[in-house]
Amino acid sequence: MRIRDPIHGTIPVDDREKPVVDHPFYQRLRHVKQLGFGDLAFPGATHTRHAHSLGAMHVASRLFDAVCASADLSPEAKGRFRVAVRLAVLCHDIGHMPLSHASEAIAPPRASLDLPGWLADQGGGLASHEDFTAKILLDSSLGQVIRDQFAADSVPPEALVALITGAEPPRGVDFSDRGVDWTPLLRAIVSGELDADRMDYLLRDSFYTGVNYGHYDIDWIVQNLNAAVKDNRAYLALSRAAAFAFEDFLLSRYHMFISVYYHHTPVNFDQMLRRYYGESPREFSIPPDPERFLFCDDVALAHTLRSSSNPWARRIVSRQGYKLLAQFTERDEGYDLSSLVAALNQAGIDHFAVESRGVLSKYFEEGKDPSLFIEDVSTGRLTEVARYTPLYQRYSSAVRLSRLYVRPDQIDSAQSLLVEATGGRERA
Amino acid sequence: MRIRDPIHGTIPVDDREKPVVDHPFYQRLRHVKQLGFGDLAFPGATHTRHAHSLGAMHVASRLFDAVCASADLSPEAKGRFRVAVRLAVLCHDIGHMPLSHASEAIAPPRASLDLPGWLADQGGGLASHEDFTAKILLDSSLGQVIRDQFAADSVPPEALVALITGAEPPRGVDFSDRGVDWTPLLRAIVSGELDADRMDYLLRDSFYTGVNYGHYDIDWIVQNLNAAVKDNRAYLALSRAAAFAFEDFLLSRYHMFISVYYHHTPVNFDQMLRRYYGESPREFSIPPDPERFLFCDDVALAHTLRSSSNPWARRIVSRQGYKLLAQFTERDEGYDLSSLVAALNQAGIDHFAVESRGVLSKYFEEGKDPSLFIEDVSTGRLTEVARYTPLYQRYSSAVRLSRLYVRPDQIDSAQSLLVEATGGRERA
Amino acid sequence: MRIRDPIHGTIPVDDREKPVVDHPFYQRLRHVKQLGFGDLAFPGATHTRHAHSLGAMHVASRLFDAVCASADLSPEAKGRFRVAVRLAVLCHDIGHMPLSHASEAIAPPRASLDLPGWLADQGGGLASHEDFTAKILLDSSLGQVIRDQFAADSVPPEALVALITGAEPPRGVDFSDRGVDWTPLLRAIVSGELDADRMDYLLRDSFYTGVNYGHYDIDWIVQNLNAAVKDNRAYLALSRAAAFAFEDFLLSRYHMFISVYYHHTPVNFDQMLRRYYGESPREFSIPPDPERFLFCDDVALAHTLRSSSNPWARRIVSRQGYKLLAQFTERDEGYDLSSLVAALNQAGIDHFAVESRGVLSKYFEEGKDPSLFIEDVSTGRLTEVARYTPLYQRYSSAVRLSRLYVRPDQIDSAQSLLVEATGGRERA
Amino acid sequence: MRIRDPIHGTIPVDDREKPVVDHPFYQRLRHVKQLGFGDLAFPGATHTRHAHSLGAMHVASRLFDAVCASADLSPEAKGRFRVAVRLAVLCHDIGHMPLSHASEAIAPPRASLDLPGWLADQGGGLASHEDFTAKILLDSSLGQVIRDQFAADSVPPEALVALITGAEPPRGVDFSDRGVDWTPLLRAIVSGELDADRMDYLLRDSFYTGVNYGHYDIDWIVQNLNAAVKDNRAYLALSRAAAFAFEDFLLSRYHMFISVYYHHTPVNFDQMLRRYYGESPREFSIPPDPERFLFCDDVALAHTLRSSSNPWARRIVSRQGYKLLAQFTERDEGYDLSSLVAALNQAGIDHFAVESRGVLSKYFEEGKDPSLFIEDVSTGRLTEVARYTPLYQRYSSAVRLSRLYVRPDQIDSAQSLLVEATGGRERA
């Protein structure tokens, strides 16, 4: 099967993968938009997790094949590892809830998913989309299809879940070959600083929004990837000739956060959806049971919102958000969120304040296995990416954007108040 | 307001148009996919009539501005006509039914829309999406908004409906200036051989599907458009220097029909949806009343299909179409649809046959006002496009593709039967 | 070696090909612009035969690999044929004269090249760029490099010349495997209706000129190519699913001819260059000896023109062409070239008339081996492309554009005369 | 006149500008490649200063028009300033020497250009390309054309030279309107942190090399530009909503320096050319006289090099550069240029070392007028860009790349020596 894709041209899907792609759990992603409410700001951005995951799988193959071209790996391991990274990336998003991230606030407790012991120690609280992904892979009709199709490769669902979540898999599931453990490298392709997921979504979100920050030099990066073995573990390593391409990738992501992912319109509707969930908690829920989860998607949420009489739901359905009063970052002088909020409160102006704050890299942590090395191919020297590029420290840390939104009919008085509070506007 | 669009960059929407764009009837188009079931074949093609109509409005401005640059037109008329073409194109699709064309089979009778007398003589039968567009513009809360916002320009909803449908408007609504009737030209921009609608959708559908047949030289075409006055009527005229660009545009459209619009997968699901509508006629309907039509969109249809126990509905929901057995055109030797159907019937193979047949140009008719002239700017000579370009005759006529689909479990025996019937396959 | 290319991304060149690419005869193409005087009309189009030939080689690999994926071919033959098509395409343009086609008028007699007997019967007259290509491959330091590098593959220069020219090679040079002669297929990739040369130059010329007629669906075409064996000869065959993509390719080429290759500005300068060559025949010549041919390129011609006192040379150097008075095709009524010329003559207006006429397909000839078949993959039926697609007949025949240019100081009176002769201009 | 351009689509040139574009001094730029030896590394990058300057002029209009849309400026000033920035940008590169920067080493003494007094205090030394630009504008047949065409606008060549060089123009030449001096803003468009020159060349060089680092969000930047008046001087100001787009632009430039402008191949040939100029100083020279400068371009240099017997010239002509032994930045541990050079010297290995070092911003200097402000459009607050964006400090400072090249026949022993010196290579 060959699938046409506007980002990658043609995406080949092999005969054993086809039943996975055709399976209702994968097809469900046709009804989960990649950017949630993002299309309210960028009308072109109606793309789904379905297309993204196919694209990410395709990128994963490119990364893996590039790394393998020069790696010391048995043909059997090569085949098996390739199957595993492709499947893991293909399925990494199947647990996403309606509108992608917007519904995570009403996820059921993690405990209700009844995940196996080897995954259970990853904290309590609400189930994340990764927990749902794990649940579906391990305990649904899709899991069974994978078990059947890929038994010969020794790629059970547990192996995919391990690659996706980073958890230590149960005994008997491993990625070793010729005495080297390839888990860090495979994991880095599935989920890491320079993973197939990010590599696809930057290109894709950029393409569909019409915002060109997501471009980066995918060809050059792919051509410069290697496997680096250290203490019998294989890691993803980028030649230093492509270090600047990685920096550019890093910045692309940072700029996509600021301009797209944290755009004030989706943030606005997201906040209203949270208020709806808070005020009318019984109207829509995320079922922990996989087979019921199957139709828990954007269509179901849209239908529920239309039927609701909750005022936030009505605002969402009629697309009448609160009005943006102000937005600022730490660079902008003259803005103080708490005093602005106090002033609005005092003036009796109905509003909400949102701080969008994203840690750009969840992968960098002192003492942990790094997910990417920079390699000097002449000398073989490896440097953790976080130590090599000065941009990393700055741009992998955090993005923070503060916003104030007010009820539409109060925008004029709110604006007068703002001008007063921030020192007035000098320009004509 | 400026809207980001991946095709046109930034689309400006002026302050008086904003209430139209923000109105629920326009926002409804966010839930009507441009290509209906097209995203089943092209997963990237999830774009909507919402984004398309904004894009088409933008193209309409470009066409109009290019034509006006050199035209003899009073400033008032220029302003007024510009408002009219932009609004007409913006609204031309608001009457589209769920999944665009797929639901037209269950449209209510045209008579039930109770359209005004000056539109009423356009035939009986089922209401078309254009009838719904007219209804909403003339007789809904959106119509009122337009009436209020554009009263000063003398651009009432009736004027827009006249441009969209081609009907003769009631007295008092006209597009004359300095003794010349500009209706043919404005109508040509809204709906004609080289209209803003087609010019946007070719680029957009091409972009979103990843199929590159929809490219054509929009800049060159725009730069070469003029107004040509003949018998006191202004027509759209293209300099002969751009005649080949028009041919390319014509072919682009032809190739998009073959490769995208008539792709065998959406044709398959379309057919199944028709069977569902036929078998379970009460489950989903298109209400003639505008305010009830407001939520009659892809979401509503998806929700209904999910709730249905009709086997075709279940097939659609689970994306298990019939299997394509054969497809052919008149060029392909050895295929005869009726004898193949007879053979399948005799063998007891459950199937359906579909002939996709599209008249590529509905605008060309002997004796009618042509919607486009080719102009020799040196001599001023005008030639109807249908007489100038030999491609026109061939490619404006018809596309015809025949397909046979069979029940998935019978595909093997059907294929054997096909090989036999068509003279067998020699290749290994 | 990996070469960055704006069309294809990265072009790999293997270690044995590198000495060919690095050889002065190949590097010479850096100084032969692909479009000759084309950059006078399209300032961006400064690209060279050097980049084009690398790109074409890359396309040739894609075509060959796609065909081979499913072909019945021994691994040795696969390797050898691949080497041959890549080299043949890489070198197919090394005999191009300054400004590509513009200098062919002053080529030396074919006989002076002293080509071997098996090539000698291809007609007398002036040497073509293909003759120079053959000469350089067979009888220069580059030929020796190829002989040395590719001896092990049995790919001597003679084999490349046979693929490039279509001539029957001397005994011992053939492309047979398992009883099948692959010459027609390899030849079709090097030079045929759908060859790597055309496939690259359409994309490249389109990209560099900024004219988008050259786009076509290369991915789809490549995916649908097969080898079809008939009477023990292997031919290039395109699945009928891609027949419309081929039509689009055909039209692309037609439109590039009209809008770029036969643009009135390069045609103008080309004509002036011919006049210069005619009036000052000793100033610049094309040496038949390869080693002297090495520096016979655009730089040498530019230098010569600058040193010349011939008035046409001075016009070219100072870019002061004649002025375009009129251009027309057979579709344009009211123009008659000979009577216009007569009128100009009578009025004493200095001018020249040029008819640009191109046979779009030199490959189609009754009774000859077709270079492309359309294949019905279900039934295995093969149809010559010329019989399958109706566009072929029309668009493979000829393009004809007539132009009249006059001396700049006489343009006003010439225009008055034209208006009179063609029936006047009605428009304001 | 409308010029097709692959970057900007169509570039309009008005009737009074046409004689400037058609003038031999402007046409000369067709023979000055934008990237000098850059096409040796990127074969597609054969583009010239001719196309770039047209593109930059086009960008200048976009910048100016965007700024003016909301500015308080009389219609006369608007028209006059527009003429001035377009012309200044169009002509800013006409003084470029062969291969752009590579020949600046052999420029004649600045004094020999005999520039007028108001320009004369800008330092002695060799003439820069800006000095040549000034000379040609002030004292050549092109200067006269400009004087004639634009007398009515009061845009004499002196005004253009002032905008290009930043020098204080002679009395009577100014850009004031309604009591505000617009010089800083106009100067910023012609030459500043975010000028039309950089904005075009990043896109263009990126396009032609096939390296995609040069993309940035031109539309968003243009839409967010304003004029900010401070102490009766108008400055270029970017809304803070586009501050990240500016950062992206900054990084784009940084990455283009590393990957393209300082690519090791052009740096190699550049160095060889300098050696040739040093060893054979009389063979090629840059004449200070404009009319003789007219044919001092890439063609003339290529011709001279071909005629030379100097070994560096022969290397350049036959494209046989020295071999790259090592390249590194300050980030790369284990490399010390001086000790490597010492080791090569000791081993008798013929080599050269090059440090490519570029100050990315020549505009930022404490106490000087900033060429760009970031503006909070709500409050009117202006912040110098250097203080607003933390990236600025880092990326406007400097790029430094160190390289060592050795004679080709000594590359093997040089490599052994390098491995030893840098601590060896551990990888297989």
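In this document, chain identifiers A, B, C and D correspond to the written order of the chains, with residue numbering beginning at 1 in each.
Heads up, the rule we're going with is that contacts are C-beta pairs under 8 Å (C-beta built on N, C-alpha and C of every residue); 3 or more make two chains touch, one makes a residue touch a chain.
Source: prediction; values computed, not measured.
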On the document's contact criterion, could you list the chains that touch subunit A and likewise touch subunit C? B, D
Just going by residue numbers, which of A-C, C-D or B-C has an interface where over half the contact pairs are the same as at A-D? B-C
Dist(centroid_CA(subunit A), centroid_CA(subunit B)) in Å evaluates to 36
Using the average of all C-alpha atoms in each chain as its centre, how far is it in Å between subunit B and subunit C? 40
Indicate the whole-number Å distance between the mean C-alpha point of subunit B and the mean C-alpha point of subunit D. 48
Multi-chain contacts only, two chains or more: what residues does subunit B have there? 9, 211
Residue positions on subunit B within touch of subunit D in the complex are 2, 9-10, 219, 223
Subunit C partner, complex, touching residues on subunit D are 3-7, 9, 22, 24, 27, 30-31, 39, 41-44, 46-48, 50-51, 54, 207-211, 295, 299-300, 302-303, 306, 318-319
Residues of subunit A that touch subunit D when the two form their complex: 72, 211-213, 215-217, 220, 228, 240, 243-245, 247-248, 251, 254-255, 258-259, 326, 331-334, 376-381, 383, 388-390, 394, 418-419, 422-428
